[in-house]
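The structure's right below; bear with me while I get my questions together.
Chain naming follows the written order as A, B, C and D, and within any one chain the residues start at number 1.
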């Protein structure tokens, strides 16, 4: 689908971790998903990351996942790479989910360690090797998010999996940039001229990501301010300070919704804003998450007004 | 199925958290499951807990789960209550899994909080209330295992859910007996004459469970030494010290396998011993777990020899 | 000072972890310390544990510590053993504090690992061996309280230190009874006929402590209800249930003060009650702790009224 | 001592967290301390941070601390600001230690929360306000190092203490740059034209510190490669990449010593290298730390050879 062989999938720049639009009955809203895809591509994002933590994979069954991936990949039509998170609590389920994703059009797949048992390093190593063996050529990325999946990955394991060609890269969603730089340095030494891909998932550190070795970033805020994320990541002269302020403002906005609504995640706020802008039809989130109340969104006032609404390039938003 | 209305399901004594026998291809081995069911019932267990952490629910899809529950419930034929763990990473999936379990014969269902996001207390409360509303009369139990599912449940939330009739009881798999006693005391005050059921899941504290307010225990070691667990729990005079030694010996045996095989769980050792005894046909565990090597089992030597093998009362083991 | 050689110091029963009475200027109030000592001995406690976590060692300098130990040991006059916590953030300071304690009359000393750096197992092992070498015959106890001192002690290290005669026992202040039983079992195997002393520091599990291998308990609540703690620990027939209720009521009372006053510890409530009863002259605690306000104590109402005030056997309270 | 009033102490650039040279008997080696001071000042460091975590304050008593501070301040003679860490497990001890530090010549003092009890936010707030009231004009810095002192500081508390003039700044030793940026942004809004000072203590992120709002850095590696730290922090054109490589190489070197010697800290390796270079006379560290064995240092081989030895500008090294 891409010009390069999938085994050399290059992820560079802002890979947007797209939220998954839902209908009021919690099924996938494919129309909104297509519209959001157009909006993000029109803003210049360099790739899409589907069904990640912000994409609410944990609330969706196999059918729902497939419909989302198919709709988005069809809309993307090969213009940018699409990576699909296929994490499951066991290896066999991960492999099955990975095959579904490839069948539905994914250019690459990502997986956390199995996310129920706190597995040993040997088990996590076996998980990635078994998954890679089963999935074959499709590029496989480790997804590191120890806030949600214990225990943390250890640097030595990642370096070994990189050197053996099991992993093509990793996304790190923790804010520990010292660890990120360490893994970036060591995987660079361990792999050849086609380096291990380091993606940083942290929300507000987009501008310093490249300095510590990131090839790309996967910030949830790219759902709301994708262009600012790109300028901040690529360090376009003169605007970085302003773009970082925009991204931090977004983060503050979602933090406000979390603090006032008792939710533990930024997803609810992101969907509420996208729905307010008309990009997606409903602010529905998967239970036990619920959308913020109207007055919580109103209370955002100037913070929300400071953002430029995203609009559908095809004009139908 | 039971003589008592399901909403008054009484769990007392040793509720065995049955491992899930698998065929070499990781499908459910129904014959072995029926045999293990007979073995445990013949040993006097007071109930079964299916598809819990030791039951490897995290490795199994909906079809596999249903086949296990159906086979076991058919074999049990109402003689003891069967509770099925229906935990999922989201509420809607939990409800669907709960309905499947009831359809397959479960007398009660248990659920952790959704186990991917570290949810807020408000979200966890909503999870249980929504699940209860959807499942109706079937008794719902909270499943507390903060080693695997973060954050820990807080006592005040459980008391509120108990007082409102949402939860009929809980299983606590952490070894903090001070917290267990606190919840037992407070739920006893908050509910009426038909008390909130407190089940302790810790492996080796079977004998002191009743002292801190437990109505029953759900120890993984009941898969290997069910009779000792019962005597220790009910405090039958004269044998408690010996029975506790038997249970602790079992735990030491599984700890040895963990330490020497790089696995993070006792499941592999339990299955290996049951397979060695001929109770189940294969020691297969769900990937990324793997069965201990032959020499690891041999190294158990006298520890293993000290256990009385379980045998099928129908003689086919 | 005791009839037995100090190297065979036997701690059995309730070892009260005495709070340290302070004057309003945060110096040690020796008169109150002597009165509290008489009160506790008159209630039958089997030993005293000075300058522990509840004894606010962390707020006191060397002079203040010495004055407390001297006053209490003089008052005790050898009737029960006195153990002094000499924990410091480094080994040399621990040794110096240990010598001060012995000079002031301690029958035994206890120490956490150095409590600032999260030390490696090798460093913790070296800490105990070096301390034992320097202090000589005085019995040395490990003090395990991972809520305050990271990382947790590991069972294998303790067993080795017990087998080598470095440690004479340990106090475990965490509520994990499975771990406690494991260490009790393994140290019993590793040492001879004069066993390694296992003391449980948890607040409300006094009655089940002996069942999991404890020789004694060191519950903060022994400052308020020492007789109930003794009856609960020794399992005097017929009263255990009532005594446990008394202890749990005390714990609930201190939890209420914590919740309403923003303090992180039970010490403030314990001192306030002892001051209310006239056992100690001031409810002063070491900053940043502060005594509960008058209305917080009044709000305890019936909970406080349910306790029998402790009184000085010499009548001056 | 400085030209600016101490209440406006400006810390900018590389503030070296000096290790504390010790004699073989664990007393402070003042000659080596003076020599290291000259070496660091000659390398251009912009300030000194004494008796921090790398300065082994946890192993030293009041006398030893005073002798170190006096010797270093005398040698510095006001050329750069000297901040002294005065952390203690209680507030009164912190204040006393703070007064000692000022008397010995400190231009500013830093303190963690009291580091034994896991204090509540209200207690931590009281700690800083009480300490500031007692110490008066001397600038007070919060020292955030949740790896060693639990619980973590929360951003809202720091902002309030900054706005009220209690804290003049903070040093953050955790690697979470997202949190660092948040606190930098919010304290900048809360304080006037003379901003709250943000210092980053992380070892290898010197070059990106200014981008996330740091006015200065306090990296342990400044003991070994101070000039590289300065160039990396100030972003001098053309050399940043090389300087970061040097700093990361230092970090790798200390990680190697940690891994092979069973120590939990980088201090042992730093002292060993400084002793190898002749800057300090002994590699002694405070027990339970011990110096690396000779063969562990030899094993560093090329990593050590790649560093330019520091030398005393007065030639006596």
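Simple rule for what comes next: contacts are C-beta pairs under 8 Å (C-beta built on N, C-alpha and C of every residue); 3 or more make two chains touch, one makes a residue touch a chain.
Everything numeric here is computed off the predicted structure, so don't read it as measured data.
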Chain at maximum distance from chain C, centres defined as averaged CA atoms: A
Chain A and chain D: spacing of chain centres that average the CA atoms, whole Å: 37
Chain centre separation in whole Å, for chain C relative to chain A (CA means): 51
Interface hub residues of chain D, defined as touching at least two other chains: none
Chain-level touch network, classified as line, ring, star, complete or other: ring
Pairs of chains found to touch, sorted by chain label: A-B, A-D, B-C, C-D
Residues of chain D touching chain C in the complex: 26, 53, 56, 58-61, 89-93, 96, 114-124, 126-127, 130, 147-150, 262-265, 286-290
Complex contacts: residues of chain A adjacent to chain D: 175-179, 181-182, 185, 202-205, 207-208, 211-212, 248
